[in-house]
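Pasting the structures here.
What follows is chain A paired twice: with chain B in the first complex and chain C in the second.
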Partner chain A sequence: MTKQTRANSIILVLTTLLSLTLTAVVVAQEPRLESRVPDPPRSEINAILDSARAVGLPTEPLVDRALEGVSKGAGPDLVLEAVRRLNTELVAARDALGDQSSDAEIVAGASALRAGASPEDLTYLRQLRPDQPLTVAAAVLADLVAVGVPLDTAVAAVVALAEQAADAEYIAFRKNVERDISLGASPVTALGVRLEAAADHLDLGSRNPAPRPRKP
Partner chain B sequence: MVSRRGHRAAAMVTAWVLIAGNPLAAQTTGSVNLGASWGDYEGYLGSGAAYVTPTLRYNAPSLSLGASGSLVIFESGNRILQGLAAGAWRTRLHGRFRAEISGSAGVNVYADNPGYGHLLGRARFHFDEATIGAWVGTSTGQSYVGVTSTTPFQIELGGWTVYHGVAVNAVATRSWFADTAYLDIVATAIWSDQQLSIDGSLGFRTWSNGGGNGVYGELQLGLPVSRRLVALVAGGRYPSDPIRGVIAANYVSVGLRIEAFNARSSSPTRVPRTFLRKGEDPPRPAAGEAHLTIGTSSEHLRSVRIEAPGAESVQLSGDFTDWRAVSLSRTRQGYWEIMILISPGVHRANVRLNGGPWIVPLGLRAEEDEFGGHVGILIIP
Partner chain C sequence: MSDRGDKLDRAIDLLKEPVTLDASFDTRVMSEVESAPSPRIWTQRVWTAIDWMTRGRTVTVSPLAGAAVAVGVAMVLLTGRNWISQDTTEPTGLAELAGVQFVIIAPAATSVSLVGDFNDWATSATPMQPVEGNGVWSVTVPLSAGRYRYAFLVNGDTWLSDPSAPPVLDDEFGRPGSVLTIGEL
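And now, the complex of A and B:
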């Protein structure tokens, strides 16, 4: 094989690889965005999706967020900003929860971070529930904060339940707290009463921190 | 002490008249309590408070009426505003027996919480000797938080005696309230002379489902300073009272009672209580509102059910519909349903009634959606 032939072969291989790469990039374009999200901000969002894929983050939530914005009539800037912010939260959640976390856990973790939980809180939860999914625990944490439970109290409650509570018990706990609040109890009181009941049921003992109450 | 003593002073004044075996001549009393307290409510940090409590009462052999109010201001600036009216009517003695009918109505508002109220009636049948007696009774009515009401029910068996000037009674009360039930056994003693009055109680709660268990007790000392001024010192622990929507607390208080007229009025200095009730369902959605619940059919196939009174059409949109509006089918008047695939995890959704704006239905946590509105957060375990 002459040098020229070898050079042509190398060029052919490189061209083919480049074509395949470009094709792959095109395939990686999110089809759900194509018909519903105008450009801009579609190109920018696709770039964010590419970067998310590259680091192993779930992209479905990002697409969903873009579709939500478009369906609600938001402008391109708002949609793009929402997707960027969620991407940042997903990165932080995955870093806090670990690389082995499921997509659902990362999304729930991002929700908890948005509610005010710290990455250290999520990491601690992971340590307490190494073999159980964190999706519901993290989501319940965000819910408790949203209904008015002070952040540190909500974190303490979710942590207190972490080692013993199944997902269904977390759900029941949150539901009972919300019900008490809707009936007029203060969030801290409702949380305290329901946590005490859960502690009796789950035999939590005294090694877990109690929620930090506040003054009336 | 404002709350519970308010009830006791007004609604239960009849009991003391009968217990003492010495019905007062008709008299009207008025007083104002004011002072400071330290309370440790369950679920809260200890907190100081200032209070003022006016009380007005009318007592006659067959009729007692009372009204009181209170304003309590905590360290945090949160306030409790309470009002209570109560009355009791007794028949004349028929041999050694008499009947009594009483009622009370009260309202409480704490901080920004929904107002709490109650409307309770009670019937008692008394057996009275000169220095000893007993009664059986029952009570029921309505307790309210906001627009939600529940019917409590109580039965009681009590007895009283007077020994060397000390009036003592003991009563066992079994209470049912929604899914909560408990038995209280309480002994109370009252003694007074010109220099000092002592009012103490000791009780315990048992046979409880949701009402807690344990011992509680209170002691109040009254020291007359002048003809119209009494110094009050009180402390102890009182139990939760789900029927009146209050939580247990330890407290101490010091204060003054200014007696506008008649020195026999007694309005204690217990710290008031906040509100908590258990075992009820939250309010149903009103017209224009929706309440969403999720069921499971198989694997990830979920039944999404929405209660929307008065709606002519209901649509759902969320990340599990690719944020496309899907219409629900009416199953019966006010109820709509759709079967849809929703994977475990955290999801976002909105609901639309009659083609109107997208709203967050009851049953979902509402969160700002970054697009100028709100979105419901749904957890699928």
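And now, the complex of A and C:
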């Protein structure tokens, strides 16, 4: 091998390495964060996005959460912590709901976990509604907790409706509970009344869902 | 023997007569030749190509050309990843959009914007319109199925949640917000 050939080979290897490095660095940048999110925490958020992308998690909600924080004037630490926390919840939601879950289901599942539901609750919901999207059911669970319904009561109601209720019925149920609460009913009372009405409408009494798994 | 000699002479005379060929003879012959399978030539071509591809060569690359190739490779890979990223982040099977009307009552407001996950939290992307000057502000946004966080920004500095929607749980940013869930259409 002549000196010229050896030099050319070295240059070729170096440029290949340069291209791979450049690719890795550039790919990690989320364009929507570039002009909106300062660094820090932009680099750390990009790293979280990369890891989420690598395991097939939706990155859109993570970007949205970072942009929300910046628009609302939150500091870098607060924005980064919010993105980290959401990423953890998305991972847990996907694990609980299964690898075939849609992005919307994973996001709604993460909301339910944020509301206090357990991963076992989500897995059980999936078992009860194997052929229907869980987006609305999981979201209604989170929404009920957000308007003051105790967690266990909200989980029990959503599970009770799981086998029979369509998405529209879940949403109507939630709206009715919210309306009753806004009119002065206690959250538990509102939920009880509306669940009873839904049970009559959906004929829930004729079915016995499988027992809900308990935490060890 | 004389009879045999006569036949031989006639045959020789026949062979001595000039042969007259059809004018299109050459064309027809070449056409047949070209249409006939010739595996040997095809095989030779393949082996020649393989030999050409596997033969060692010395490639001379200038630093500038190498860098240009490197940048080109990086751009191709980058563009490819972006396509994949866009495909995976788009909700599957949720192509249909629902027109969702957002309404807020803000009599003292001079401007109200709808800000949320659906517009990258851009504070001026979705201005709301006053409804007949009675303090009601409204806008309709097409949304696909999913769960969205949003808020109203009044006069560019005051964040309000939507009183007709569930509030955001445990908001990390210290500002009010609401959530909206749209089922699959």
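Going forward, the second predicted complex is superposed on the first by the 180 of 216 C-alpha atoms of A that agree within 3 Å, B and C clash if a C-alpha of one lies under 4 Å from a C-alpha of the other, contacts with A are read in each partner's own complex, and residues count from 1 in each chain.
The rule is simple: a residue touches a chain if its C-beta (ideal position, glycine included) is under 8 Å from a C-beta of that chain, and two chains touch if they have at least 3 such contacts.
Just so it is clear, the model here is predicted, and its values are computed rather than measured.
Student: Given the superposition on chain A, are chain B and chain C in a clash or a fit?
Tutor: Overlaying the two structures gives a clash between chain B and chain C.
Student: In the overlay, answer first, second, both or neither for which of chain B and chain C A:Asp180 touches.
Tutor: A:Asp180: touches chain B, not chain C.
Student: After the superposition on A, what does A:Gly56 contact: first (chain B), second (chain C), both or neither?
Tutor: So A:Gly56 only meets chain C here.
Student: Applying the touch criterion given at the start, work out whether A:Val193 contacts chain B, chain C, both or neither, answering first, second, both or neither.
Tutor: first
Student: Answer with first, second, both or neither: which of chain B and chain C does A:Asp121 touch in the superposed model?
Tutor: neither
Student: Hey, what residues of chain A end up touching chain B and chain C alike?
Tutor: Touching chain B in the first complex and chain C in the second, residues 32, 61, 64, 67-74, 78, 81-82, 85, 103-104, 107-108, 111, 135-136, 139-140, 142-143, 146-147, 167-168, 170-171, 174, 178 of chain A appear in both lists.
Student: Flag every residue of chain A that touches chain B in the complex, lowest number first.
Tutor: 32, 61, 64, 67-74, 78-79, 81-82, 85, 103-104, 107-108, 111, 135-136, 139-140, 142-143, 146-147, 167-168, 170-171, 174, 178-180, 182-186, 188-193, 213-216
Student: Residues of chain B touching chain A in their complex?
Tutor: Of all residues in chain B, those touching chain A are 39, 41-47, 74-76, 78, 110-111, 113-114, 116, 145-146, 148, 245, 247, 274-278, 280-283, 317, 319, 322-324, 343-346, 348, 358, 365-367, 369-373, 375, 377, 379, 381.
Student: Considering the complex alone, what residue numbers of chain A touch chain C?
Tutor: 4-5, 8, 11-12, 14-16, 18-20, 22-23, 26-27, 32, 36, 53, 56, 58-61, 63-64, 67-74, 78, 81-82, 85, 102-104, 107-108, 111, 114-115, 133, 135-136, 139-140, 142-143, 145-147, 167-168, 170-171, 174, 178
Student: Enumerate the contact residues on chain C facing chain A in the complex.
Tutor: Per the touch definition, chain C meets chain A at residues 58-61, 63, 66-67, 69-71, 73-74, 77-78, 81, 85, 88-89, 91-94, 115, 117, 120-123, 145-147, 149, 151, 159, 166-170, 172-175, 177, 179, 181, 183-184.
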